[in-house]
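Chain lettering (A, B, C, D, E and F) follows the sequence in which the chains are written, and residue indices restart at 1 in each chain.
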Amino acid sequence: MSDEMMDEGGVVKKFMYVNRKAPHGTIYALESLEVVLIAAAFDQDVSLVFVDDGVYQLMKEQKTDGIEVKNFSPTYRALEMYDIEKLYVEKESLDARGLTTDDLLVPVEVMSAAEMADLMAQQDVVLSF
Amino acid sequence: MSDEMMDEGGVVKKFMYVNRKAPHGTIYALESLEVVLIAAAFDQDVSLVFVDDGVYQLMKEQKTDGIEVKNFSPTYRALEMYDIEKLYVEKESLDARGLTTDDLLVPVEVMSAAEMADLMAQQDVVLSF
Amino acid sequence: MKFAILVNEGPYQHQAADTAYLFTRSALEKGHSIDRIFFYHDGVNNSSSLTEPPQDDRNIVERWTKLADEHGVDLVVCVAAALRRGIKDDNLAKGFRISGLGQLIEAGIQADRLMVFGD
Amino acid sequence: MKFAILVNEGPYQHQAADTAYLFTRSALEKGHSIDRIFFYHDGVNNSSSLTEPPQDDRNIVERWTKLADEHGVDLVVCVAAALRRGIKDDNLAKGFRISGLGQLIEAGIQADRLMVFGD
Amino acid sequence: MLHTVNKSPFERNALKSCLEHARDGDVVLLIEDGVIGALDNTEFTAMVKAKMGTVKICALAPDLEARGVSSKALAGIELVDFGGFVDLAAENGPVQAWL
Amino acid sequence: MLHTVNKSPFERNALKSCLEHARDGDVVLLIEDGVIGALDNTEFTAMVKAKMGTVKICALAPDLEARGVSSKALAGIELVDFGGFVDLAAENGPVQAWL
C-alpha cells in the first residue's frame, strides 16, 4: 500500500501534454485542456508543458469578446483544484517571445530546453495536438 | 470585338493560383488543381505560381503507391491542353531547396521574388489554399 | 463594393470560419454587398446540419444560416469537396446549397474583391 | 506489443488518417495488437458514413470499418468533439462507437505505446 | 495590394514569405495567430520593423486582445477592428491571403 | 525515445523544435511532408546534419517516393517502410509526435 506507483487496482503512468500552439487560431489548446480535465479523474501522473507558441496559451488578460469565441483561459487557473499541479514552461520559448512568468496567469515551473528534453524522455505517454 | 479583355459577353480577369504547400501531406495541392481545371472553362487569364514548398508539387517521378493515395502529378502535364500555360516558379524557392527546373515535370517560367511580387500585384483575384 | 468570400477550413478546428463570418458581418454593416460565400476543402463542414456545439459556445453553422436568411447571402458548398467529406442534402443546413466549383470562379469574376480565409 | 492510436485530423484534408491507417495495418501484420484507435478534434470526421470519395481514390472511412471488422480494432469517436462537428449516431459509419475522452486516457494507460497522428 | 497573414511567424514561414513579396506601398494585415508577428521584443520584431518604412503593417485588434497581447504590440503598427479590415480590403485590391 | 515530425522545415518550426529536444541516442523519424527535412542541398540540410552524430535520423521511404525526392535524401539518413516505422515505435518508447 505504500507504493506510489499503484492506485486502487491500477497502474499510474506518466502522461505529458505538449502544448506548442497559440490559442484561438486553432482549437487544439481548448480541446487539449478538455482532455487534461478528464485525465485528472484517472489519478495518473500528469504534466503539462508549454513550448514554442504554446506559452501564449497562458497569457494573462485574454479577452475574446471581439472574436466571439469562448475564453477558456481561466480554466488554467482551475487546474490546481483538479490536482494538476505540474505546469512547465520552457525558458527558451519565453525568451524568444520577450515574455516572463509575470505575463502568465498561473504559477509555472520554468525549465530549459535540455531539462524539458529529459522530462519528455521520462514519460510513458506523450499527447500532442 | 478586337478587345482581348472581353470574351462572349463577359469580363476577362486575371486569376492567380498561389501554391505554397508540398503535395500529399495535405489536400490543398490536389483540390487547387481541381479548381484550376474548372477555371479553364471560363476563359479567364489564369496564372499558376509555385512558391516556397509549392515547388515540390511539380517534382518528377512522384510515386504514391506506398502511401496509397492518388498520384495527381501527371495532371500538371495536361494543363497545356486546357490552355493553361502560365506556370511560374520562384527562383529563390528553388535555390533554397537545391532544385532546378530539371527536377520539374513541366516547363515553367522561373522568376525572382521581386518579379513574382509584381505579378501578384497585377492580379484581380488571388486564390490561395 | 462587392465582396466574395472563400472559406477553406471547417468550423471550430480553425479560426478561419469565425474570421470570415465577422468580416462578412462588418462588410454588410458598412453597406457593402457579399454576393457569395463559397465553402471549399474542409470548409464544406461549415454546412453540416448536425453540429451541436456546447451551450456556452457560438453556433457557427446557425450563424451562416441566419446570414443567408437575413441578408440573402448565397452560401455555396463545393459538391466534390462535400462528397469526399460526407456533406450531402441529407445533412445540409438551411440556407446552404451544393454546387460546382464554377460558382467560385463566377464569384471571383463578379466580385470586386475575393477574400480567402483558411489555415 | 500493444499500441493505441490517436487521430487528430479529418480524412482527405490531411495525411494523418492515411499514415495512422498504414501504421496500424503494418503493426497488425507484424503481430502487434492495436487495442483502440481514438478519433479526436477533426479526426471525428473519419467516422462519417456519408463520405463518397471519387471512384479512383481510397475510401478512408470504409478502410477503418474493415479494420474493425477483420481485426476487432476498437474505433472510438470522442463525443464532445463529434457533437461540435456534426457526427452523431445518424451518420456514424459501421465499426465506430461514440464515447468519452476517458477512453483515450484508458487507452494510454493500457497500451505500451500511444501513437499520435495529426497536422 | 493587401496581404493577410494568419499564422504566427514562430510556427510558420507565411509572414516571412509575405514580407519578401510585399512591395513599397502595400499593406500587410496580421490576423488570427498572425498577430504574434505584431509584437515587440520577439525574435521576429526586427524582421517586421525592417519593412515598416515601406510597407504599412496593421493588426486586427480583436485578435490581439483575445491572446492577451494588446499591450505588447510594436509601436507603429496600426490596429484595426473588423470594420477597419473591411476598409483595408476595399481600398487595397487585390487581396492575397498567405495561408 | 522516438520523435516523429510530419511537416516540412520550410513551412513550420516542428523539426527545429524537435531537434532542439532530441537527446543523444534518440531517434527522429521524418514522415509525410516532414521528409523534406531529410533532403540534401537544402537550407535545412546543415541543421539536420549537425544532429546526425548523436541522434539517429530516419525517413519514411513511401513518403519520399510520393514526393519524387527519394534520390535526394541525405546520405546517412536511414530509410524505413511502414513496417520499419512500427519497429522504431516498438523499440523506442515513449513516442512524441511534433505536430
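Just so we're on the same page, a contact is a pair of C-beta atoms (placed from the backbone, for glycine too) under 8 Å apart; a residue touches a chain by one contact, two chains touch by 3 or more.
Only a predicted model underlies this, so the values are computations on that prediction, with no experimental measurement involved.
Visitor: Which other chains touch subunit D while also touching subunit E?
Guide: A chain counts here if it touches both subunit D and subunit E, which gives A, B, C, F.
Visitor: What's the minimum number of touch steps needed to get from subunit C to subunit F?
Guide: 2
Visitor: Going by average Cα coordinates, which chain is farthest removed from subunit A?
Guide: Relative to subunit A, the chain whose C-alpha centre sits farthest away is B.
Visitor: Among the chains, which has its CA centre at the largest distance from subunit D's?
Guide: Relative to subunit D, the chain with the farthest C-alpha centre is E.
Visitor: Contact counts by the stated rule: is the higher one at D-F or B-F?
Guide: B-F
Visitor: If you list every residue number at the subunit C and subunit D contact, are more than half found on both copies (same) or fewer than half (different)?
Guide: same
Visitor: Using mean C-alpha positions as chain centres, tell me how far subunit A is from subunit C in Å, no decimals.
Guide: So the centre of subunit A lies 34 Å away from the centre of subunit C.
Visitor: Suppose each chain is reduced to the average of its Cα coordinates; what separation in Å results between subunit B and subunit E?
Guide: So the centroids are 26 Å from each other.
Visitor: Quick one: subunit A and subunit B, Cα centre-to-centre, how many Å?
Guide: 41
Visitor: What whole-number Å value describes the gap between the mean CA coordinates of subunit C and subunit D?
Guide: Averaging C-alpha atoms per chain gives centres 28 Å apart.
Visitor: Multi-chain contacts in subunit D: which residues touch at least two other chains?
Guide: Touching at least two other chains: 8, 12-13, 15, 19, 22, 41, 57, 80, 114, 116, 118-119.
Visitor: List, in ascending order, every residue of subunit B touching at least 2 other chains.
Guide: Residue numbers touching two or more other chains: 24-27, 52, 67, 69, 124-126, 128-129.
Visitor: Which parts of subunit E, given as residue numbers and ranges, touch two or more other chains?
Guide: 6, 10-11, 13, 32-33, 62, 81, 93-95, 97, 99
Visitor: Can you list every touching chain pair?
Guide: A-C, A-D, A-E, A-F, B-C, B-D, B-E, B-F, C-D, C-E, D-F, E-F
Visitor: Residue numbers of subunit A touching subunit F in their complex, please.
Guide: 18, 20, 51-52, 92, 113, 116-118, 120-121, 123-126, 128-129
Visitor: Where on subunit D does subunit A make contact in their complex?
Guide: 6, 8, 40-41, 80-81, 100-102, 104-106, 108-109, 114, 116, 118
Visitor: Under the definition above, what is the set of subunit A residues touching subunit D in their complex?
Guide: 10-11, 13, 15, 27-28, 31, 34-35, 38-39, 41-42, 44, 124-129
Visitor: Please give the residue numbers of subunit E that touch subunit A in the complex, ascending.
Guide: Listed in rising order, the residues of subunit E that touch subunit A are 6-8, 10-11, 32-34, 36, 39-43, 45, 61-63, 65-70, 72, 81.
Visitor: Name, in rising order, each residue of subunit D that touches subunit F in their complex.
Guide: On the subunit D side, the touching residues are 1, 3, 8, 15-16, 19, 22-23, 25-27, 29-30, 32, 112-119.
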